[in-house]
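Some structures are shown below for you to check.
Both complexes below contain chain A, partnered by chain B and then by chain C.
Moving on, here comes the complex of A and B:
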């Protein structure tokens, strides 16, 4: 199992490296169209073929994985920060703040994520630029995905609140803000780190679902999600199986993340 | 004040969540692009007093509080607004499509949970590393595939949309089911029952299952929300005429009354199933205590 985990880490490092260096590694610009070669099969010039508009699939895959691999962790970090702020305030101060935060958390956990994302996405204007749609998609993910983390943080802080070190600091006259920032927050690092790594694959998968439905990042900017939108025309998969490459890459990335980070005990 | 584990608290919390969801829904409708714009005001056939009356009616809706109260009142009377994409009232649309989604989700939940329980029991009872490794690998693989892609695979294999929902539910249910069955099998009273010579089936039915059940019931509540969430991409890709497909088309057409109503309906279902799961757990715990 250690070998498999090392392989998963190696794969993630390789994909991250290649996608970050997409500008140098990719044969063409992701938006460049070769009108005479639309829907071309894999060849020496186009290793993964081309799409309906004649764009090189490999270049788009590299650029798309860069966007997804940068934005999903950024959104996960934002969601973890929101979870930390709400969970810490609720767990430390208690009372009505705790009650309100608990109801808010329960509300967010009860909502069907994808339906909420579709509703919020529908509020955005029609003429939104591709980069604004990228930011909006991942910001929406962060805004919706903080609840489970907040619940875990709240429970940890409520437990830590009566720890000897915290009681001692309070007795020494340490202010609430200082206690939260310099005493509780460092102790929450393992919990926050776990929440962050749980959210990264979840956000990658959610973005993929939105992209496959045509409601994710707007064209021509590629992402692992909107590259899957071709699969809506699933009858073509049998004659052009290379269309599945983004799906395969996404599967391997998410499986590696699960394997390396959150799911290692499960897999073992 | 009732205790946090009392039925009154659980039901009260559920109602509070639903009221907040209603207000959030009303706010979204209120903020939607084009809210308050009435195309009748451009119709030359209407007289000045009629136009003034339309403007007054729209002005009432501009007051957020009046709008919230009107929205909630409408909800209680089944008036969910009118869909721009489908060109008909939202209420009948939901009534028409809900059975398809409920059927698909139920099929998926039953299939997913049965598969998870059977595999978890087989892995825990056999104690063979190979069985567990295969089951975990299968579950982990399904967990790494977006539900929309699972729907595509099911379409390619000519399987029903319910199977795709089962593939979403199974990997979330299996690890928990396995852990609960394994822990219950290792409990001292189960070992004692086996040492006293009770039949394996009897031990499993009357000692293992009652111990493993409460945490799994809680998970059933969560899996209902999960299954309804997964129904959007699955129904959209499978062209199944349910609520998920309707929400997808509404999202493409920016039809907020439909989206808000469907989200609220599913929140009601999710909150009710969570409250029901909590009440069942309380009942089961009282019985075992």
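Moving on, here comes the complex of A and C:
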């Protein structure tokens, strides 16, 4: 298990390093269209071939990985922060705050995410740059993805508030804010960390789903999601198996994250 | 003698009906919403209407001429306010009941009754106001319109005649096939109409086929897979990529019927109610700006990359497939970024570095929306984005969920430019009144104008009215040719391509004549036959 985890961490570091250095490593600009070389097979000039519009697949894969690997953790971080805030307030203060938070959490858990995302995305202003659209897509993911984490945090805090150390701190006159920030939050670190690592692959896959529907990151910016959209035509994969590279990469990233998360669980 | 005569009649009947015509199979995308031919609006119901309904006049999809069907002849009278039909004799419904003028009158009355809300009646009303019908002797029927209607015969191509007596519309039909069975989500089965009136060569009773099975299958990849396994005989409207692949595997089984009536285009929102800055409205309302954008888009690349060569550059709304109304004098705008920049300079724009700016110094940037899920449209959008980037225009291309898109372009007007396609079912420009009249609700760039906003729109209004009311076909053609020229000059809609009609027809299918006009594959279904026994089903 330890070896697998090390391999997974190594792979993630490698992919992150390559994608962060995409500007230097990638042979071409990801948006450049070599229209006379559309759908070219792998070659020296285009190591992973080109897409329908003649764009270099390797350059797009590197840039797409960078976006997905930066934005998915950022969105997971934001969602975890929201979950921590709501879960801690509900678990610690209880009463009407707890009831409201529970209703809100149940509501968010019962919503069909994909449709909510489609609706929210349709409400965004149209005239935004592809980068702003990318940020908006992942912020939306964070805005709808906090609920399950909040429930876990709430349960943990509700249990912790009657722990001896917390009661002792309260007896010593520690304020609510100080209790939350300096006594409860450090104890929640394993829970929050697990939530974060669970959400990263979830957001990666949700962005991929949006990309498959043509509603993910706006063209010409690539992401693992919109690169996967090419695979909808499975007949074509037989003729051009190198098109599977984004799917393979996504699988390896998600699997690696799984090993990282399960490794942390074992250790903690 | 009596027994001998009965035996002879039976043998004759067997000879006529017991043909081993086999079962033709193809896919439709969904369950039919109705079996009532007067209510058919979506593609599947229309397919069933076409295969089962008998019409008075039919448009031959190859010659694009009208042919007599249930009407042996017809005459347009009273300055195109009236059409008199002489009905064919000895025609029977599928249940054996005789067909006569009362059935035509009843069908027209039922169709026009407001309570039915028939989409076909809407096209009659928009063409000629109130419509009434009256029997004229033993075999005649007259249909009256309250205003003159140019080309009114064509309207009857879509009116399937139902019996006058009370009966479910699908129970007694006059078309080559009749409804037999529908299993929701699985298939619709149509059986040969044993009383169909038409005969083929040598007096052979038509149709040739025993039955047609419409398998309900939304997934186009599975449809193609089934066709390749021999489980289907026809595939309509293939994606260019699938067509290309199949043409490599089995060149004999694919056919390119040529440019369709459909078009892919983009337009700018010129509505005064649009919620974006006034300077952008000035750009979009400028003919020079629109012409420059049109000249900067490489249509050849759109055809080559998004359609794999299976499309034709568009000069206007009418493609070469429409033999009657195509304006052959027009050609698609030539791709020339330099010409585009000159036009923009004439309009006060200037290129600063890599960014185009208007005379007030605003960077030229706009959003282009389209519906999500269409691969060719996503590719066209990206090509347009890249082509315009080369002349300094930044396009933010954004596919939207379809309902949200429709809401924006028809109601809220919250968009700047839109890339869409139009599926044209009708060859006559009368069906486009709602698009070209400035007051039309589908007048894409500025819907429902109280009065024409520009001189050229006023001219289009006049010409559309002229072609709509004139009974002189040559005058109608001249008027609509001029409309196409104005559209080409002013580019309120920037037409990009007319995609080709790509179909697959199994080599075992005889006499299928794919046409660019819908229905592309089975418009002459009564003549279609199968050379070999139908392929066995595995389910």
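Basically, the second predicted complex is superposed on the first by the 254 of 268 C-alpha atoms of A that agree within 3 Å, B and C clash if a C-alpha of one lies under 4 Å from a C-alpha of the other, contacts with A are read in each partner's own complex, and residues count from 1 in each chain.
Here is the rule we use: a residue touches a chain if its C-beta (ideal position, glycine included) is under 8 Å from a C-beta of that chain, and two chains touch if they have at least 3 such contacts.
Keep in mind that this is a model prediction, so the values were computed, not measured.
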| item | value |
| --- | --- |
| Which superposed partner A:31 touches (first chain B, second chain C, both, neither) | second |
| Touching partner for A:94 - first (chain B), second (chain C), both, neither | neither |
| First, second, both or neither for A:250, with chain B first and chain C second | first |
| Which of chain B and chain C A:118 touches, first, second, both or neither | both |
| First (chain B), second (chain C), both or neither touched by A:42 | neither |
| Which of chain B and chain C A:213 touches, first, second, both or neither | both |
| Touching partner for A:53 - first (chain B), second (chain C), both, neither | second |
| Per-residue contact with chain A, leading partner among chain C and chain B | B |
| Touched partner set for A:129, first chain B, second chain C, both or neither | second |
| Contacts of A:234 with chain B and chain C, given as first, second, both or neither | both |
| Chain B and chain C footprints on chain A, overlapping residues | 118-119, 121-122, 126, 213-215, 232, 234 |
| Chain A contact footprint on chain C (complex, rising order) | 221, 224-225, 241-242, 245, 276, 301, 304-306, 365-367, 369, 372-375, 378-379, 381-383, 385-386, 396-401, 404, 414-416 |
| Interface residues, chain A side, partner chain C - complex | 31, 33, 35, 38, 52-54, 118-119, 121-122, 126-130, 133, 213-215, 218-220, 232-236, 239 |
| Chain A partner contacts - residues on chain B that touch it in the complex | 13, 16-17, 20-21, 28, 31-33, 136-137, 139-141, 143-149, 152, 155-156, 175, 225, 228-230, 232-233, 236-237, 247-248, 250-252, 254-256, 259-260, 262-263, 266-267, 270-271, 274 |
| For the chain A and chain B complex, residues of the former touching the latter | 103-104, 106-107, 110-116, 118-123, 125-126, 201, 205-206, 208-209, 212-215, 228, 231-232, 234, 237-238, 247, 250-251, 254-255, 258-259, 263, 266-267 |
